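First chain written, first letter: the chains are A, B, C and D, and each begins at residue 1.
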Amino acid sequence: MLHLSKMLFNSFTIMRGLSEFSATALFMVISCMGCSVRDQGASGNLISSLNYGLATVVVMHIFGFISGAHANPCVSIACCLLGYIGSNMMFVYIACQLAGAAFGYFMLLQMLSQGLLDACKQGVCMVEPMNSLSSIQILSIEGFLTSVLILAWSALWDVRSGRFLDSVTLRMGCLVTVCNLAGGHLTGASMNPAKILIPTLFKGNPETVLLQLGGQMLASIIIPQLWIFAYTPNYRPLQIETPERHASELYLSP
Amino acid sequence: MLHLSKMLFNSFTIMRGLSEFSATALFMVISCMGCSVRDQGASGNLISSLNYGLATVVVMHIFGFISGAHANPCVSIACCLLGYIGSNMMFVYIACQLAGAAFGYFMLLQMLSQGLLDACKQGVCMVEPMNSLSSIQILSIEGFLTSVLILAWSALWDVRSGRFLDSVTLRMGCLVTVCNLAGGHLTGASMNPAKILIPTLFKGNPETVLLQLGGQMLASIIIPQLWIFAYTPNYRPLQIETPERHASELYLSP
Amino acid sequence: MLHLSKMLFNSFTIMRGLSEFSATALFMVISCMGCSVRDQGASGNLISSLNYGLATVVVMHIFGFISGAHANPCVSIACCLLGYIGSNMMFVYIACQLAGAAFGYFMLLQMLSQGLLDACKQGVCMVEPMNSLSSIQILSIEGFLTSVLILAWSALWDVRSGRFLDSVTLRMGCLVTVCNLAGGHLTGASMNPAKILIPTLFKGNPETVLLQLGGQMLASIIIPQLWIFAYTPNYRPLQIETPERHASELYLSP
Amino acid sequence: MLHLSKMLFNSFTIMRGLSEFSATALFMVISCMGCSVRDQGASGNLISSLNYGLATVVVMHIFGFISGAHANPCVSIACCLLGYIGSNMMFVYIACQLAGAAFGYFMLLQMLSQGLLDACKQGVCMVEPMNSLSSIQILSIEGFLTSVLILAWSALWDVRSGRFLDSVTLRMGCLVTVCNLAGGHLTGASMNPAKILIPTLFKGNPETVLLQLGGQMLASIIIPQLWIFAYTPNYRPLQIETPERHASELYLSP
C-alpha cells in the first residue's frame, strides 16, 4: 500500500500515466471522428480499417517511448503477465486508459455537430456484431483477432526483436488495419476494451458488448502464457518489480 | 541586427532557406495537382488523404536532412518554442515557406489547363469547412488535428526517439493521412497555414480561414509548452542560439 | 534416420515447427476471413490484395525471428535449395505448414456463419483462374508471380541485405499486395501451395489447381539456382547441415 | 575502347547489367499486368498508382543491393551526372534497361489472353496525355514529376542520408505512388523513358511520347546540377571512374 502510494507520486509514473491517458484520448478522437461520412460496403470498410490502423501508428509514434503507447487495457494486462510491468503499474495504466477514452469520447461529441453525430450508423464509435453470428462465434472471432494483436505485442517486446524496432510502429498499424479488414464487418474488430466500454455507457447493447469484451479478455490472459510456454526459448523474461526504470531506456516496451 | 544580417548570408542558412522554399513549393504542387479528377464521397476522401500524406513523405525524404523539411510555419514555430532553432532562423523558415507556397501555387496554375482548374470543387487547393459546424467547432477540430501533428514532430525531435528515425518519414505520412481521413471532410484538415493562406489570397472565405488559422496557431504555441511540461523528464532541450550547425548533423531535426 | 528423430525432438526444432504451424494457420484465417463482404471489380480486388499483403506483414512480424515465418512451402523449398536450412528441416517446415493451413481453414469454417460462407464467390479461400487464359498462361503467370516472391526472399536472405532488415517485413507485404493487384484477377495469385491445396480438398477444380501448383513449384526450384548463378558474387552460401542454431541468431533468415 | 571492352566482360559489370535487365523486365510485367480490369475514375486511378508504386518497392528490394535498381534510364543519367557511376557504366545500364523493358513487354503480351489485351484502355502499358493540356503543359508536368523522382534519388544517394537507408525502398514507393496519384490522369506520369518508349514501338502517338520523353530527359539532366549547386554543402561527390567496386559495398547507391 505504501509502495503503491509511493509509486503513484513518482514523477515517471505520473508522466507514463498521463501519456496513456493522452494516447487513449487521442486514439478515440482520431479513430471515431470520420464515422459520419463513410458509406457502407467494401469502400467504407477499407477506409475505416485504414483509419483505425493509421491511428495506431500515430499513437505509437508519439507516445511509444514515453509509456509504450498501449492505449488498450488488453495490452497492459498481457504486458503485466509477461512480466514487463508490475501489477500496480498495470492498474495505473488501465485506469488512465479508461479515463482517457472517456475524456476523448466526450471531447469528440463536443467537436461534432448534431447532424454529423446522427449520421453515424450505430452511434459514434459504436460497433455492432453481425446478426447472423452466434454468441460463440462472436466470442471466438473477437478473441482470435485480439490474440493476433497480443501475439504481435509479445513479439515486439521479445528481446529477440530488439534490433528491429524502427518500423515496428508501421507493422502494428498494418496489423490493426488487416484485422479490421478481416473482421470489421463481423464483430467490429475493436480489439480494445476501452473503445468498446466507453461508448456503451452512453448507448449500447450490453449483451454483445459482454461477448466482445469476453473474447478480448480471454485473449489477453491466454496468449501471454502461450507465448512463454511455446515461443520463449531457455530464458524467461525478468520479473520487473520496480517499474521506475528511466524512461529513456524504454521504446515501446515499458 | 548585425547578427541577423550575418546569418542571412551564411551559406548554410541560404541552403536551408532554399530547401524550405523548394519543399513547400513541391508540397503545394504535388498535394493539389490531382484535385480535378476526384469525385466526392468516401473514395475521393481516401484518395485526397493518401495524396496529402504521401506528399509529406516525399518532402521529408528529399529535404529532411537539409533543413528538416518543415514545409509548415506551425512546425517551425513549435521547433523554435522547443528550442531547436533560434527565433531568427524561425522567421527565415516561415518567410521561405510562404514564398515557396506562393511560387508552387503559381506554377501549379500554369501547369493545369483552364478546364481542369474549373473542375476543382472549391478552387484549386481550397478547403471549405462543413457548413453545419459552429465557429468554435471549426477552431477546435483544426486545433486538435494540428496538435496531433505538432505532438508528432515534438516526439520526432525528442532525444529519446533518436535511434528510431529511419521510418519516421513514413510515420509522419501515416499521421497526415489519418488526420485527413478523420477531419478532411469537416474542416479540410490542412494543418498548414501556408497551404491555407496562399490560395485564399486568390479566392477564399476570410472568416473561415481565420478560424482554421487560429486553431493551427493555437496548437503550434500551446503544444510545445505542454510537451516540455508533461513529457520531458529531467532534462530540458538545449537552447541552441547558433543555428549554423553543420547540416550533416541534422536529420529531420534542425 | 537417427539424426532425423534426434532433430525432431530437439526443442528448437519443435519451437520452429510450431511457429510455422501457427504462422500458416493464422495466415489462412486472416487472409480468408473477409471474403464474404467484398464486391467484385476494382475496389474488391484492391481490398483483397491489401488484406493478403498485410496478413503477410502480420505473420512475418510475429513469427519472423522464431522460424523465419515462411508460411509457404515454396519458400521453404527455396530456402533449402539456397542452403540456409537442411532438407530434413525443410520437410518438417512443409509438414507443419500444411497441417497449420488445414487447422486454420477448419477454424475459419467454424467461426463464420453459414450465410457468410455461402456469400463467398467461389467458396471460402478459393481462387479460380480466369476462363480466357490457356493452361500455359495460367502456369506461366502463377510461375512468374511466385518467382518474384522467391526472388524477394532470396534477396532478404542474402548476406548483402543483412543491414537492412528492419522494414523488410513491410516490403514483403508490399510485394504480396502488388502481385495480387497485378495477377489476382488472372490466376488468383496465391503464390502459396498450402493456401491452394487445403481448400481444394473440400471443393475445387483439380485441373486448374495442378496448373497453379505447377507454376509455383517450378518457380521455387528454378529461381534459387538462378539466384546463385547470376546474382551471388564470389562466395557461396554456407551449407548449414545443422539446423540447431540458436534461434536468437535468426531474423527472418533461418 | 579497351577499357570499355574490359569492363564489359568484368563479372561485376555483367551481374549489374543483368540485374538492371531483370529489374526493368520485372517492373514492366508487374506494373502493366493488371491494366485490363481497372475501371476508369478515381478508384482505378488509385489502384494503378498503388500498383506502380509498389512495383517500385519490389524492384528496389530485390535488385537494390546488386545494381542499385534504377530500372529507369533517367535515374542512370542522373547517377552519372552526380558522379556515382562512370559514363561507360551508364550506357551499359541504359542498354540493359531498354532491352529488359522490351523483353518484359514481350513476355507480358504472351502471358495475357487476347481478350485481356483488348480490354486495356489505350493498349497495354500505354499512357496518353489528357487532350486539354497544351504541349508545354505536358512537357512541364512530366518534367516536374520526373524532377521529384530525381531529387529523391539524389537525396537517397547523398552521403548525409547514409544512415537512413532501411526504409528508403518504401519511401520511393510512396513517391512513385503519389506522383501517379497527382499526375497520372494528366500525362500518365510514367517518369520512365523505358516504360514510355517500348510500348510506343508497338502502337503509340509519337508526338506526345516525344513531349513526355523531353520532360523526363530535361529533368534528369537539370536536377543533378541543381542538387550539386544548391544542396551539396562543402564537399563534392567523388568522381568514381572505376565502377568495379565490390558489390557488397553498394546498397541502392551504385
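The working rule: a contact is a pair of C-beta atoms (placed from the backbone, for glycine too) under 8 Å apart; a residue touches a chain by one contact, two chains touch by 3 or more.
The shown structure was predicted, so the numbers you read here are calculated from the model rather than taken from an experiment.
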Problem set entry | subunit B and subunit A - chains in contact with each | C, D
Seminar exercise, completed: Max Cα-centre separation from subunit C goes to chain B
For this session: Rounding to the nearest 5 degrees, give the angle of the rotation that lays the CA atoms of subunit B over those of subunit D.
Result: 90
For this session: Take the average of all CA coordinates in subunit A, do the same for subunit C, and state the distance between these two points in whole angstrom.
Result: 29
For this session: Take the average of all CA coordinates in subunit A, do the same for subunit D, and state the distance between these two points in whole angstrom.
Result: 41
Problem set entry | Sites on subunit C at which at least two other chains make contact | 43, 46, 165-167, 170
Problem set entry | Touch-based graph of the chains, sorted into line, ring, star, complete or other | complete
Exercise. What residues of subunit A sit close enough to touch subunit B in their complex?
Worked result: 11-12, 15, 18-19, 26, 29-31, 33-34, 37-39, 43-44, 46-47, 50-51, 54-55, 57-58, 61-66, 107, 110-113, 115-116, 165-167, 169-170, 173, 246-248, 251
For this session: Using the touch rule from the top, collect the residues of subunit B that touch subunit C in their complex.
Result: 43, 166-167
Exercise. Which of the residues in subunit C come into contact with subunit D in the complex?
Worked result: 41-43, 45-46, 130, 132-134, 137, 140-141, 144, 148, 151-152, 154-156, 158-161, 163-168, 170-172, 174-175, 177-179, 181-183, 185-186, 230-231, 233
